[in-house]
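Below you'll find the structure, written out as structure tokens, and then a few comments.
Order as written gives the chain letters A, B and C; numbering starts at 1 within each chain.
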Amino acid sequence: MAAAVIEAKDLSLTFQTADSPVYALSKVNLTVEDGDFVSFIGPSGCGKTTLLRVIADLEQATSGSITVNGLTPQQARLARAYGYVFQAPGLFPWRTVEKNVALPLEIMGLGDAAERVKRNLELVNLAGFEKKFPWQLSGGMQQRVSIARALAFDPKLLLMDEPFGALDEIVRDKLNQQLLDLWARTRKTVVFVTHSIPEAVFLSTKIVVMSPRPGRIIDVIETGLPRDRTLDFREAPEFLKLAHRVREGLKAGHSYED
Amino acid sequence: MKTERGQALPVLVVCLVLVVVWYLACIPMNAVVAQARIDAAGGGLYATLTESWNHTRPVIPAPHQIVVELWNTVFMIAPWKVKSLLYHCWVTLSSTLLGFVLGTLLGIGLAILIVHSKLLSKALMPWIIASQTIPILAIAPMIIVVLGAIGFTGLLPKALISTYLCFFPVAIGMVKGLMSPDVIHRDLMRTYNASAGETLWKLRLPASVPYLFTSLKIAIAIALTGAIVGELPTGAIAGIGARLLVGSYNGLTMMIWSALVAGSAMAALLVWLVGHVERKTLARMGVRT
Amino acid sequence: MKGLRDLLAPALLGVIMIVAWEVACRAIPIPQVLLPAPSVIAAKIGGEVPLLAYDFFKTVLQAVIPGWIIGCSAGLAVALLCDRFDFLRRGLLPLGNFFSVLPLVGVAPIMVMWFGTGVAPNIAVVVIMTFFPMLVNAIAGLQASSHLERDLMRSYNASWAQALTSLRLPAAMPFIFNALKINSTLAMIGAIVAEFFGTRIAGMGFRMQTGFGSMSLDLVWAEIAVAALTGSIFYALLVLAERAVTFWHPSYRT
């Protein structure tokens, strides 16, 4: 078996604030295998975004260990191991769509930028929009540009932080389907943060249910679903069973009471 | 000067009211100098108006008198002669522009230093702000003379006053602009392992362009004011400021007013120019218009 | 404790600058008449307290403060009129923007001609210089409340005055304070420059000019130091007042 892409052991992160320490992550153990689609789900403050940011070396853990591709997160970041998609598109408003996708290529000094930009814009169904500026695109299209940007330098790992959280549900469903196709085609490893149960169940091979105060993992569900599923799958009994288990997990974490 | 729809008529009305008030104000204000002539002409409305509005050394000149004076000093005299207003405009303009360029570069440089060093930002920022509470304009003439005494003469001393005034709005605006990118943008550059230089060049500087232009419009106006006040000390023989001073000492009302109008026209023109470059640049950068 | 540390860096830089100035004055033969050392200026300030105080009274208390108050109040009053009558706003705002970029100190000789000797022309210059920044900022501030908030006021059927006092005026406060701060510097400049043209026989600008004529540069620099200190204190007081009034503004949240 291939080595795990992400391996976290007893990972903890404490923020020191003025009044009291905040335990954002507490003794988190997690393994993400190559080709997995892993979702972190939980209420606000459960540390799901923090965990993703630790993987990306945007935050540093206070104790425990974590490896990304067998390296420390910092080494992995320096090796440009992952593409990151944020909650907001975060496109540069003064750059056209193609220039936005080319940004990481410019910084990393990678060649054949034109070909990579073209390929990745096609991947997110945005061929023909190269010369547009971000404000000329809808929110969903902007987020697709940001996915193309994350894929532009062909990282094996894609980290996504509630990428569709700001979009309406109709657009979100469509993008979920597209993301799934993209994942099936590119064979990337995806780590996906969400607070939507249907989204997590629909997309994932593995669902990590988290709970706040302190931020911890309370359940890990292997979905074992086929790769080629469509939106209709959401009415299937397996889907509802999985969704139910996630909901029960969230409830057990007392997440919404306090 | 943003143009808004439907403001042409209101502006026209307000201007018209101002002109009417101006002409009316000329009558009582110029009475001091004009009353004797009005009486000599036999009084009456016609004499009152013609004498009040056409005195050669009025307390307040009528608008048309200023127009005539401007016409005579701008178009009727060769621009390289000392009597031409254009010559004085050019003297002031050249030091304004030099000071503006130096001040802008200094302001941008300081801002870049400040956003990259916490220590520098802590040590410098209070002094940058404090530097502006010193009424530098008020002491500008002294500075010119001091610099002149130690060998700096000509364009540079005046330009340095403008530089001092310019750098502040540019530095403050650019610090704001360079800090303006979202956390998301900065995190993104981090995930790319971009160097500070790349982040500056690809993210911070483009993001700060709108802030820069807002500052530049303030800076160019204040640079002009600085150049004019820098021309006030005795000894300055050319420039808008020198015209103001000479006019003031010799009671040449028309000279003061025409210099003031010329200075204002230059200010408006310069600010408009910066605004024009701003619109062109922002349009090229894809900002929604 | 943290505040103290924040003061340390700039204070240190200030000390370094003054020491460098002093050392430069002693090491390089800069003529004392042109750039006196800080110690010489400090001695002059200590020796001329009554004269400096008298000039401070003449310039700051008689011209700067009254002119600043009149100019700012007038600007605010006209801005309120503009807020009430939209036609006026559309007519005056472009002109206000235009006038606020003009080199208005230039009106000083005209004011001297109109108002003669005494303090009146100096106040007039300060009024003219401070009027337009306040007008433009206050108009912008009165427009700063969002549509949502204004719709809320409409839903209450609030009168213009009610909406003004409970919504638009508080929302305009950051803008108004911005103008007050800009104007504090402009007022100092206006009053001192006006004295260059005027025929007053006391005041900071007058003293600078005559001190210059008689080559007593230490006195000029002493006046400059007083002016700088006054300007800084004026500004600092406004910052404190601003914090007290607009404490709700996002820029103060930590």
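Just so it is clear, a contact is a pair of C-beta atoms (placed from the backbone, for glycine too) under 8 Å apart; a residue touches a chain by one contact, two chains touch by 3 or more.
Not measured: the values here are computed from a predicted model.
Visitor: Considering only which chains touch which, label the overall pattern as line, ring, star, complete or other.
Guide: If you draw each chain as a dot and join those that touch, you get an open line.
Visitor: Which chain pair racks up the highest number of C-beta contacts?
Guide: That would be the chain pair B-C.
Visitor: Which whole number of Å gives the spacing of the CA centres of chain B and chain C?
Guide: 18
Visitor: Starting from the mean Cα coordinates of chain A and chain B, work out the distance between those two points in Å.
Guide: So the centroids are 53 Å from each other.
Visitor: Spell out the residues on chain A that touch chain B in their complex, using ranges where they run on.
Guide: For chain A paired with chain B, touching residues are 56-58, 77-78, 80, 82-84, 86-88, 90, 92-96, 103-104, 106-108, 133, 135.
Visitor: Can you check the complex and tell me which residues of chain B touch chain A?
Guide: Where chain B meets chain A, its residues are 182, 184-185, 187-194, 198, 202-203, 206-207, 209, 285-288.
Visitor: Using the touch definition from the top, list the residues of chain B that touch chain C in their complex.
Guide: Touching chain C from chain B are residues 1-4, 6-7, 10-15, 29, 59-60, 119, 122-127, 129-130, 132-139, 141-142, 145-146, 149-150, 217-218, 221, 224-225, 228-229, 232, 240-241, 244-245, 247-248, 251, 253, 256-257, 259-260, 263-264, 267-268, 271.
Visitor: In their shared complex, at which residues does chain C touch chain B?
Guide: Against chain B, the touching part of chain C is residues 6, 9-10, 12-14, 30-31, 34-35, 87-95, 97-98, 101-110, 112-114, 184-185, 188-189, 192-193, 196-197, 204-205, 208-209, 212, 217, 220, 224, 227-228, 231-232, 234-235.
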